[in-house]
Amino acid sequence: MSISIQDIIKEENKVFSKTKLLTDKVFSYCPGCGHGVAHRIIMEVIEEMGIVNQTIGVAPVGCSVLAYDFMDIDMQQAAHGRAPAVATGISRVFPDKYVFTYQGDGDLAAIGTAETIHACSRGENIIIFFINNGIYGMTGGQMAPTTLEGMKTSTSPHGRDLHQMGFPIKMTEIVAQLDGVQFATRQAVHTPSAVRKTKKAVKKAFENVKNKKGVSFIEIVSNCNSGWKLAPVKANEWMEEFMFPVYPIGDIKG
Amino acid sequence: MAKIRGAVVVDVERCKGCVICVNACPTNVLSMSKDVNGKGYSFSYMENPEACTGCMSCSLVCPDVVITVYRMKVNE
Amino acid sequence: MGELRLMKGNEAIAEAAIRCGCDAYFGYPITPQSEILEYLTLQNPEKTTGMVVLQAESEIAAINMVYGAAACGKKALTSSSSPGISLKQEGISYIAGAELPAVIVNVVRGGPGLGTIQPSQSDYFQSVKGGGHGDYKLIVLAPNSVQEQYDFVKLGFDLAFKYRNPVLILSDGAIGQMMEKVQISDFTPRWTEEEIVQMTGSWATHGKPETRKHNIVTSLNLQPEPQEEHNHHLQRKYKEIEDNELRYEKFFCEDAEYVFVAYGTSSRLCQKAIQLGREKGLKLGLLRPITLFPFPKKQIKMATKKAKAFLAVEMSAGQMVEDVQLAVKGKRPVKHFGRYGGMIPMPDEILEAMEELIAKVEKKEAKKAQKKAKKKAEKEAKKQKN
Amino acid sequence: MTEEIIIAGFGGQGVLSMGKILAYSGMMKNMEVSWMPSYGPEMRGGTANVTVIVSEERINSPVLKMYDTAIILNQQSMDKFEKSVKPGGVLIYDNNGITHPPTRKDITIYLIEANKVAIKMSNTKVFNMVVLGAFLQVKPIVNIEDVDKGLKKSLPERHHHLIALNEEAIRNGMAAVQLVQEAA
Amino acid sequence: MGELRLMKGNEAIAEAAIRCGCDAYFGYPITPQSEILEYLTLQNPEKTTGMVVLQAESEIAAINMVYGAAACGKKALTSSSSPGISLKQEGISYIAGAELPAVIVNVVRGGPGLGTIQPSQSDYFQSVKGGGHGDYKLIVLAPNSVQEQYDFVKLGFDLAFKYRNPVLILSDGAIGQMMEKVQISDFTPRWTEEEIVQMTGSWATHGKPETRKHNIVTSLNLQPEPQEEHNHHLQRKYKEIEDNELRYEKFFCEDAEYVFVAYGTSSRLCQKAIQLGREKGLKLGLLRPITLFPFPKKQIKMATKKAKAFLAVEMSAGQMVEDVQLAVKGKRPVKHFGRYGGMIPMPDEILEAMEELIAKVEKKEAKKAQKKAKKKAEKEAKKQKN
Amino acid sequence: MSISIQDIIKEENKVFSKTKLLTDKVFSYCPGCGHGVAHRIIMEVIEEMGIVNQTIGVAPVGCSVLAYDFMDIDMQQAAHGRAPAVATGISRVFPDKYVFTYQGDGDLAAIGTAETIHACSRGENIIIFFINNGIYGMTGGQMAPTTLEGMKTSTSPHGRDLHQMGFPIKMTEIVAQLDGVQFATRQAVHTPSAVRKTKKAVKKAFENVKNKKGVSFIEIVSNCNSGWKLAPVKANEWMEEFMFPVYPIGDIKG
Amino acid sequence: MTEEIIIAGFGGQGVLSMGKILAYSGMMKNMEVSWMPSYGPEMRGGTANVTVIVSEERINSPVLKMYDTAIILNQQSMDKFEKSVKPGGVLIYDNNGITHPPTRKDITIYLIEANKVAIKMSNTKVFNMVVLGAFLQVKPIVNIEDVDKGLKKSLPERHHHLIALNEEAIRNGMAAVQLVQEAA
Amino acid sequence: MAKIRGAVVVDVERCKGCVICVNACPTNVLSMSKDVNGKGYSFSYMENPEACTGCMSCSLVCPDVVITVYRMKVNE
């Protein structure tokens, strides 16, 4: 007995749909960009935990500057790199709320290095989401501190030369060393299983906030297919081949 | 014998044609359209609907959260 | 009413914050204002009023912590001195752009660069014209006593919340370090979470309840049209502030022929100079702007009716004097006198500078009178001839 | 009544806190007071001074060029402030370490060997209180009860047992001050 | 002479730096000026002229790298846009205080806060009055074409070294992004180490040889007296700059009754407005400050002889207009017209604004004339009566 | 045969005297402060290597802001925390010179965190001297990021409370992780043997610069007896007892 | 001669580079040129436009409200810029994706089905060159040799082999442009 | 027998009386003066000069670099 698709597409059979905590606005991200999946997972966890009325997010300057347009929660937009300081301000005056930042690698690992390190060292009770795409997506694909050796960007057009431009930096390993950090992990969102693992990590992070455990730091290695000048699927393959060896996936602390 | 059947609905106007879902589907259900939507993107659709198991792989990786997945047990 | 205390200007700010229901202070040490943070950490108000006190890793972090706390509808304070305030400019521009209420204290020292740690007033332009980027204005309060250091914290928060605009308290090393009597007020409890939601629910981030849309605090507009609209709105607000919030003080102005314009520490020095001058029979007065934005333009313009000349006295190479000139519009001579780089001018120097100005003006007047008399005489002579 | 005072000496001599106690005492007497310190980077061995004004009227300028009284406790301060005493005003100094004693004729000069007095009291920490005593003997703008109240206000509770000692130092200072020269 | 090229304003800056013998560029990406760094990294001049190009971790790092390189007597350049320039304010104040030569480019975008990335001129005050702390001045050059973007880099370094003072090139998103023809100059070789020692040996840090005392670059004075002396010195220098380095341009001013004052992009828009206005028979002119500090005060004052009114046109809520008012000293009406927040006013809007001003002035004049006539008539009547 | 002191005090018997690269100015430091010894060693090495005409130092904001008054070499004074950026600027335009910074813990580990991390990550060919006294000496003894748990300072008057004020941070361990750092060590200058070891490290650092090896990072744990409110000798004892366990002496990398 | 042109369409249509080639060509003819793009955050799918002015005189304002010619390549741009053509001016458009064709009567309107032409050439990348051809047919302000020189200047060496293809596209565009309406 | 004898010269006016040298001397040569110098500091001096070996421990730790050390071999 063959069954028609119409028979399957029924409310009672729905197993996956967009969380209510994402607004109706179309993401401003490029086709295939990992930011969207990361947004979704975070919002799903907040929805599942029922904490939307206690959650405040901080958007950075970067492609995700408009995260507040897509995440249907109270949000603040922070100056470039300063999201951890802004989150500190929030969390200190609202010690019982869930506060998170959502930052790119330029934002978190370049201009915002001091704010990142010190929010972590103080053990602020917050979550830092760190989307590492090895490039400055928003401003047109400039080199980031996390750009790989030899990688071409608009400000390393002949490839990143370590001697001239310095070495890639591993922020998650660095913050993992700080006493204020409870949980540090590196994940991805390009495959179903990666997404599942990342979501688990996100959940753990929010639990940590609930239990006032200090900083949870979740790096998500993600593609910037536009900046990398690769089609999305190719970009994800490139990411596995070249990014993961330098930024290996897995828990680093906690 | 009981079998799991699935189906997905792609919000065609919001699909950006990134092909990531196509690539993620373990049973090669999805394909990209020849036509384009209002934004000029070719979009994802079920080319082999009967192969869909409702495993959600596609929806989990869709960056624009435009795939809704349905699943049911059917006796065949 | 609370008691009378002898306090340093810096301590007065800290005590006022605790007592006026301030929710959080974020700061970084720098002379001559470190006592603010030191006093607060000693009092540790987190245990009493619940006010948060945090030493940030930098001035930039501090101003951005203020941004975060203020965007929650909380009363957030920061303080620094000149180089540290320069570092906060981006953050201040953000706070102004996002229309957040916050109080920022600058206990000014001599610049530029690392400069000296001695008192100065050389950050006037930065405070009043906008040291950060874009068209924005701070409400700028200029205390000239320890009591006002105390009072302006509460006033600052009142104004900041009334207009959702950052307020700058422009102090200097002298007021920050000196001790005077202060009438302490009773404790005003911090707003409860319900009160905060009630007062700031329309814009602040407290966590989105079912009952409203999500609140977003941002200063970004991808398109220029809404950004211009936002800027229009800001300009209208600044106009409103100019209309409603001007504060100034007159000192012996009724019969003054020569008027000092001075704020903060300088205004105290001018008062002494007036005293010394009046003893000599000079009709001197002082117009003291208490708010630097809004600036008492009209009052100065009106003063031109009686006054023959103005002397702007500032511990700077001449900054506020431009605003006096803009107000006077060429109707009367406006000169500047100042010591700077950390030097405080003595009242007798100030008097001397005024006497010089008087001499010049009178010489000119005498010349004019002479000319007039000559002309008259000529006319008469002509008449008689005819 | 307005009394404009400068107290100047080494950083470690308790110049600032002596000024503070004077200001507190004035406040206890319901007078207007201002206390304006010199301040500098935290490096030892520097000089310190403080301008204290005690007045029945509202105080305008907290800094001054000329003073009613200068209390001078080292040579550098002597060099700097002898000339800043108003004609007819008072200069009080401790001669320990002073190589060039004051030479002006138009001011009244007192000597207080506060260092000696303090050593005699076996407590060099009361040095500044001895000086304060000398000043109060010359210019009784506040009385010793006000000073007591001032001390209570300015000292933390746990130091209140020192008040008696301080009072003794003040009285010793009062007794020890010597007129060197009447203003010409 | 080099060739003629079609270039973006941002690229012109980069190419000019390479060709004028610049030693180092330190910058951080920000729209709308990232092409400067991108162009430089593409050219990779380290391999040709030896010029260093480094993407810093932040704007603050970049300006402090400039400080370090400039203090070696090297030609160091940085660029950013509004929020990034706000972050550099402490560093700029240090460079001014330590008297270092350096060129800083601000390709202005709309603020405050994150604002928009569209062109604006709302950082005038910050540039001209001192966005950082303390009494200092930058030499401010305002290009209005891609050619000037190119030319002002060399000019900037010349002035910076002549006066040991930072030079700011105040550009905006429009000039930065547009393409025009540029006459490229030949390569000027970078100074050799001997030349550097010769030119800057009296103050710069190259490593102390036996033959001189150690050189110290600092802006600190623990005591206020030397700091004041240093500030006097700076003020004298600024006076000298005002006397010698004023640059401005007149456009149809000879017979102009109504004068635009505008710099940068706005001045180009005004030129078009003048063209449109002249077609209608309106006697319009433009006074264009090329240096914003020094500002053409005297030239504007002199223009009051012929001009009936001034319209300051800026892409801001009104900043430079104050300097025009200060120059005019109430002698003539001075109004402001501007769009802001990233909006560019169109030439016909500008013309409209001017026409409004003209109408107002003429109405007033007519009234005055009427009054005068009336008075005269009355007098006559009186005379006749007598 | 007894010999008189005068016989010993002769030019030819001189085994230790002040290096010529220290000026005649009296150090502005408090009695017993470690800054003086650190200054001396660095100047001695420069003298011994004969590189004064190729050396440029960068003074920070902190008690050592006046280092340029004491070190008889070309020097620049940097804005608070920015010395590594200033040194980068110098070293990039003078790639063959010896460039070093001399910074306190407030300067280097608080406001200057980003500049420190990135100069290290880029592998600038410079030396960073890091005087860690666990406090802000210059401004009157405020808490530093390196202040120990429970330690009283003017901004932690009741002792550093980790929950409220965050954890002490170990900068040398952090920068040792960065690829641009060739040599990272922690030393002291309070005993003769400590001084000897530190001097060796200083020498090695200058050799590294000569060989263009990237960053040499030398932490010197030192007393701030004024800030700690202890007599100098007591301060050094306290340092051994309490600072060294948290900041253990020894090479960390290279 | 002054020609003030706006070219507007989707980000991916080569609007900016078409303007650039036009500007280069003008420069090769020794004329004054200005090229002023819209610019925005790097997000796909947005609209792009560029104002190109080619003139024998010095160009003052690089931005304009009204244009001699508008070249319009999508509906959003049509909505925005149809009204900005000077009366008597020219509007050239590609009708692919245009739902509301231009309605003004006081301007001359041309249609260029550039998409079709490009597809026929089996190279959608030359789309913008086809449009450029259409424009040059209507307004021969530069001739094809100038464009060749312009292409050489604007393309990197390694793309010079494409010049012939581009020229072909331009010629095809010239041939394909159709007059829709003469200005009333 | 050959023996090493040492001596130190303290620049008294520059000594800040920190006592660190006294503490560092392995043979207890040094002591602090009862008098003070021009800056008001008690200063270090050789109380037991004959014990000095010229080991330089004092000079190595003296924060103000005010100790000069001399050393010679003597035959006793």
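Brief remarks follow.
A, B, C, D, E, F, G and H label the chains in the order they appear, each numbered from 1.
Simple rule for what comes next: contacts are C-beta pairs under 8 Å (C-beta built on N, C-alpha and C of every residue); 3 or more make two chains touch, one makes a residue touch a chain.
Computed from a predicted structure; not experimentally measured.
Number of steps on the shortest path from subunit E to subunit H, with steps defined by chain touch: 2. Note on connectivity: the fewest chain-to-chain touch steps from subunit B to subunit E number 2.
Comparing the chain pairs E-G and A-B, the larger number of C-beta pairs in contact belongs to A-B.
Between the CA-based centres of subunit A and subunit E the separation comes to 40 Å, rounded to the whole angstrom. Each chain gets one centre point, the mean of its Cα atoms, and the points for subunit B and subunit D are 88 Å apart.
Computed from the mean C-alpha positions, the centre of subunit A lies at a distance of 62 Å from the centre of subunit H. With touch defined as above, residues shared between interfaces to two or more other chains in subunit A number as follows: 29-31, 65, 77, 79, 110-111, 113-114, 117-118, 139-140, 145, 165.
Counting only residues that touch two or more partner chains, subunit B has none.
For subunit G, the set of residues touching two or more other chains reads 40-41. Within the complex formed with subunit F, the subunit C residues making contact are 28-31, 34, 37-38, 41-42, 44, 46, 54-55, 57-59, 83, 113-114. The part of subunit E that touches subunit G in the complex is made up of residues 4, 6, 31-32, 117, 173-174, 177-181, 265, 268-269, 271-273, 275, 344, 346-349. The part of subunit C that touches subunit E in the complex is made up of residues 60, 82-83, 85-87, 89-90, 93-98, 108, 110-118, 120, 122-123, 125-126, 129-136, 218-225, 227-231, 234-235, 316-317, 319, 322, 325-326, 329-331, 339-343.
Taken together, the subunit F residues at the contact with subunit H in this complex read 1, 3, 5, 7-10, 13-19, 22, 26-27, 29-37, 40, 189-192, 195-196, 231-233, 236. Listed in rising order, the residues of subunit D touching subunit C in the complex are 20, 23-24, 27, 32-37, 39-41, 59-65, 153-154.
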